[in-house]
C-alpha cells in the first residue's frame, strides 16, 4: 500500500498520469438519459469507471414559511457499499453529506431551477424536487459525476399529474421541471505542486488538497469548496478558476 | 386465461440479466424483471475485524437489501426499515447453504443489493442478482440460487405476480430454489389458500426458478467470454478492435 | 459448547428428543387470559419454559389514506433481556423484527380482525389495535407462543369508552375487538433429515432450517416463513403442511 | 383519616412477591404493589467483554428499568426515555452498596427490570423485585434493599402514595433502605414541604421499607423451600406427587 | 491515579479540604447576568473553576392537553466536551439527563414560574420556556452551578414581541418571565464519614455518595436526589437538610 | 459606500479574542465577531484507543463544530446536523496543514468548538478560536490559521458580511489563510459571480485574515504574559497583589 502510494506520487510529481491523460483532461464520459421509468427524471453518468445514478422524485408539499410562493429543492446522496469496500451502510458519512451539500449549493446558487414556477397555490401547495444521488461505482471524482447526473436528470424530469389535491403517480405530464441553466462542477486535486482535473480514485488517495468549482453556462462561478488537509496559493486558484470555467463549457456540451 | 398485462399464466416478465457491471466490486450483477431492477455487488471474503463476530469454522455472510430513494412512487427515506431488515435476513438464509462458507473461517463475505426500481418481486430480483454476483466474484458455490414468485387468480396458477395482479391474487408466494440439490431455501407467503393450492403454487414457482436459473448461467457465460476476449486482446492474441472505456 | 451441540445433534439424528416428546408433539401449554388489568386485552402464554406476555392497546387514530374505512393493526415484539443472556436492550434486532412481522402477517392475511368494524368515522377516526409481544423467557419456539398469545389477547380485548372525541382510559365497554377466526402458527425445525415440531431452544441451536406455517380455523394456510441457512425439499414441506394444519387444530382448542 | 382507596395512612396496597419466576435468568422475581407490576431478572456475574468498561477491583453493575408498551394508558414507545434512563441510574445506585461487587473483579452483573403494569411507584416495585432477583441468583449481598414511597395529604403522612392521591399529596418521596445497615440508598422527592415534614415522611417511608423487607425475605424462603422439595423429589426422597411443567 | 485518589481520601478523612475551605463552605461564586444578547435570558455562573452558561429561549406552542391554560417549561443540559476530557459528543449521557431532570424538578416543584401567566389563548397558544444548560468547564458540583445559572437566566428573561400569531425574534418586550421564587440546589458529598458541601471534581471522584437538595426562598424543600453507590443514615440527612437550607439562603443573596 | 451597519467596506465588526478561558481544557479561546461568539477547547495529543482509527505516521485531528441550543432565534435541537457535519469537516481541513501532526503518531488531538451566539460567520469565528486554542494548548504549529469572509454588494467588495447584508450580497465567501505560508486552507462560496470578482473577493478576505492574525497573536501574548506573572507570583518573584479565584 505504501509502495503503491509512493509510485502514484512519483508519477504525479512528473506531471503525468497513470492513464496517460493530460493534467486538464477528463476521462471518457457516458450519459444515459432516463434509464429508469418510475422516477420523474433520471440519469446514469459514467466518468471513467465512476458510475452515479441520479433520480428526481417530485411531490407536493407545503412551502417553507419564508418562501411561500416557491417550490422546494432537496439534494441527497448515498455512497452505496456497492461502490467501494470503504463505504458502509449506515447513516450518511461526512463525505456523503459534503457531496450532497456541494451539489445542492451548485444547483441552488446558480438558480438553475425556477422555483417560483413550481408554486401551485401560494402558501399552501408547491412542488418539492428531490434529487437523490446514488453512487454505484467509485472510480474517483464523485462530485463532478454527481452534479452532471443531477443536472441531466433534472433536464429530463417531467411533472406527474396532480388532481384533486393528490399526485397521480405513474402518470407524467408534458410539463418539464423549469430549468434555467445547467450548473456543473469541475474538481481539481493537488499532488506535489501539480494540479490535475477529474482525479481518479488513485489520484485522490495521494492528493493533499482538492477544490471543486461550480460554474454556470455564462461562465460565472456559483459555488466553491476546498477539501483535503493542505492549502492552495492564490496563484494556483487563479489557474484553477480559468480551467474550471473552460472544462465546464466542454462538459456542458455533452448534456 | 389472458393476464392483465397480456402474459400467459406461466410467463415471466421480460428478463434482463448481466454480470460484471461494476468495476470496484469483486463481483456484480444487474437483474431486471419487467421494470423491477436490482443491482448486487460482492466484497470479500476478507478477514472480519471484530473478533466478537468471527466464526472460527466458516465465513460469515452479510446481506443488505436496500431500496434507493427514487425506486418507488413516493420517495423512500434512506436507511433500513423493518421490511428491509426482514428481507435482508431471508435473502441471506436463502444463499447461505449455496456458498462454501467453510472454506473461509474467520472471514466475512458481503453482499450489497440496491433496488433501483421497484415494481413487484423486488426480493426475487435481488436474490437472482446476488447469486450471479457471488459467482462473478469467484466465490466457491455448490449451486446458483434462483428465485421466483407465483400466485393464484381465480382458478389459475400464475407465475411472477406483478402490477395490478397483486390486488387480486389469493397469495403472493416467493420461492428460492437450488435446482441441482432440489432444495427450497426461501419460502414466504402472504395470502389465504388451502394446502393443495399452496403446493401447486410452490411447484409453479419452482418451474419459474428453473427458467431463471438458465438465464443466470447464460449471463455468467457472457461475462466470462467477455473476460476471455479482454485477456486475449491484452495478450495480443486477438484483432478485435474498439477500446474499453 | 461444541460437545454439547454434538450430543444434541446425535440424539436428534435418531429421531428422538431430550424431553422424550414425539417429533410432532407440543410441550405443555398454559394460557392465562387477562393477567393484566390496564391493557384492553392481555394474555400470558407458556409453552414449556417459554413465556410470552401479549398486550393489546387500543387508541383512536386517523385511517391510512388507502383504507379510509378500516381500523389499523400494528404488531410489535420485544425480546426482553430478561428472556435470554443473548438478548440485549437496544433497537429491535433482526430476530425481533422477523417475529413481529410473521405474527403480523399471520393475523393480517387471515383477516382475523374485521377491520371495517373498527371504523368510527370514515376517513377521520378509526380504532388502532396495537398488539405488543413481550418475550419474558426463551425456551424456544417464540413465534408459536407469540402468535398464541396475540390471538388469546385479542380474544379478550374490549374497546375502551370513546366520548367527545377522546378515549376514556380505564373505562372498558362490553364491545369486543371483532375477531373472525383464530390464526395460529406452527413451527418445525430440521436436524439432519428429521423434522421436529415445537422446538426447544436447544433444538433450535442445532437445527439447520426452520419453517413457520400460519393456519386458520378452516385449515387454510395464511402465512409461511422459512428460516435458517439450509433448505427443505418439496416432499418435506408437504409433510410439514399436513402436520401444521393438524397441530394448529389441536392448539386452537386450548384457546 | 380514610384514604381515597379506603386504606389506612400507613397501609401499603396489596402486595404480591414471588421469586424464581423465570427459567432462563439466573435469578428472577415478580413484585406487585396493587396493580403496579414489575418483573426483574439477573444475569451474571460474567466477564465483561469490553476492557474499556472493566473495573479491575470489582464487578460493574448494570441496571435497566424498562416500561413495556402496554403498561400505561397510552401505549409507550419501546426504547429508553430520559425518565427511564434516570430511574435506571438511581436504582443502580440504590443497589450497589448492598452487593459484594468486590468479589468479582472485571465482571458484570446485569439486572433487567420490565414494568408490565404501571400505576404509581413503579421504581419502588422495580427495586424490590431487583433485590429479590439478585438474592435468588445467589449473588452475595450484605443485605436486601427494600423500597417504599410516602407522602403527606393535608395533615396526614401517608404510605405508598397511589392513584388519585398523586394529585393531592404535598410530596411524592421514594426511599430505598437497607434495614440491617440502616442506610438510605435511594432518596428522591417531588413536592414542596418544610424540613420537619420531609423528615417525618422519610421516617414513614422507612417503616414501609421494613414491612416490605419481611415480605421479600418470605418470598425468597418460599422459593428455597420449593427448590429443596424439587431436589428431594429428584433424589427420590419425597413422595409428593404432581409434576413440574 | 490510585495514589492520587488515596491522597484525596486521606485528606477528606481528616475532615479537611485541599483548597482549605470549611466543610460547609462554597467556593467563590461569580454570576454574569445577560452575557448573551440573542437568547431571551442568559447567565454565566462560575463556582470555582466550574463554568455553566444558561440560555432561556421562548417560543409559542400549543399547550399540553392536560394543562390547557399553562405555559410549558423544558430544561435541557449538555455536558460539552469542552468541559472535561471525559465528556464526549453524542446523545445525552446518564449524567447529563440526571442533571437536567434535577434542575427541572427543582424549578417545577417550587412553582417558581407562574405558568398560568404564560398562557396566551387557552387551549391554543402558550409560551414555552426552554432553559438550556451548557456546561463549559467541569470543576465539580455541576448541579448547583446549573441551577444557579438557570434561575439567574430566568430572572433576566424577557418575552419577545408576539404579533399576528408569530414571534418577532430579536425584539424583546419589557414583560418578564413571571418568577415567583428563586429555587436553588445545594449538593453535599460523603467521603468516609465526613460530609462536604459544594464538592470539587476531585472530591466527587473519591466520594461514595452524594445528595442534592432543592430549596425555596421560604426554606421549604422542593426536590431531592441521592447519587453514588453508598447510602446515608437518617441522621446524616437531617444534618444535610439544615445545612442545605442555610447555604441556599446564602447563595440566594448573590442573585 | 456606507454599509447597512455603518461600517467601511473593509471594516470587520468589533473583535474580541481571549486565550485560556477554560481551566480543564489543555488550550482554549473565545472569539467574538460582533455578536457571533465561538468558544474552542483543545484536548490531547493523547493515545487513540481505537486501533482501527490510529495513523502510525501522524496524529489524527478531530474537530467538532456545535451550535448550542440558545445560539439562534429559534432554538436549535442539540446534536449534529448535516450543516454542522460539513462545517466540522472544512474547519478540520483548514487546520490540518498548520499542525505538526507527524510529531504524534497514533495520537488524537481533539478540538471542540461551541457557537454560543450566531449572527453570521460562525465558521470563521470558530476557526479563529480553534487556532488560538491549539496554540494555547502548546501544540506545535507551523503557523496560526486566520479566517474571514468577504462579499460584494452592488459595485463594492465588502469584508466580514453580516446582518441584513447577507440578503443583498452577490456572494458569501469564507476564506482561511496561513499568512506565513501564503496558503488558503478553507475556501467556500455561495453566490453567483464572474471569475474576476471572485478573485477580488478572495483577496479582500485574505486582507481580513491578516488583520485577524495580528489579533490572534495579541490574544496569545496577553495569555502568556498572564501565565508568566502567575508563575512569578507563585515563585514569590512578584509583588503584584490580588488573588486568583
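All chains are identified by letter, namely A, B, C, D, E and F, in their written order; residue positions are counted from 1 within each chain.
Heads up, the rule we're going with is that contacts are C-beta pairs under 8 Å (C-beta built on N, C-alpha and C of every residue); 3 or more make two chains touch, one makes a residue touch a chain.
As the structure is a computational prediction, the values presented were derived from the model and not from experiment.
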| item | value |
| --- | --- |
| Set of chains adjacent to chain B and to chain C | none |
| Count of contact steps on the shortest path from chain A to chain D | 3 |
| Reference chain A; chain at largest CA-centroid distance | D |
| Chain separated most widely from chain B, comparing mean CA positions | E |
| Chain B-chain D separation of Cα centroids, rounded to whole Å | 52 |
| Centre distance in Å when chain A and chain F are each reduced to the mean of their C-alpha atoms | 29 |
| Length of the line joining the C-alpha centres of chain C and chain F, rounded to whole Å | 58 |
| Inter-centroid spacing, chain E versus chain C (mean Cα positions, whole Å) | 48 |
| Residues within chain A bordering two or more other chains | 92 |
| Chain contact topology (line, ring, star, complete or other) | ring |
| Circular arrangement of chains, read from chain A onward through chain B | A, B, C, D, E, F |
| Contacting residues of chain A [partner chain B, same complex] | 27-28, 30, 36-39, 42, 46, 48-49, 51, 53, 55-57, 59, 76, 78, 80-85, 89, 91-92, 130, 132, 134, 136-139, 169-170 |
| Contact footprint of chain E on chain F as seen in their complex | 22-25, 28, 35, 37, 39-41, 43, 46, 64, 66, 68-75, 78-80, 110, 112, 114, 116-119, 245 |
| Touch list for chain D against partner chain E, complex | 82-83, 85-86, 88-90, 93-94, 96-97, 173, 178, 181-195, 198-199, 202-203, 206 |
| Chain B contact footprint on chain C (complex, rising order) | 92, 94, 97-98, 100-101, 105, 109-111, 208, 211, 216, 219-234, 237-238, 241-242, 245 |
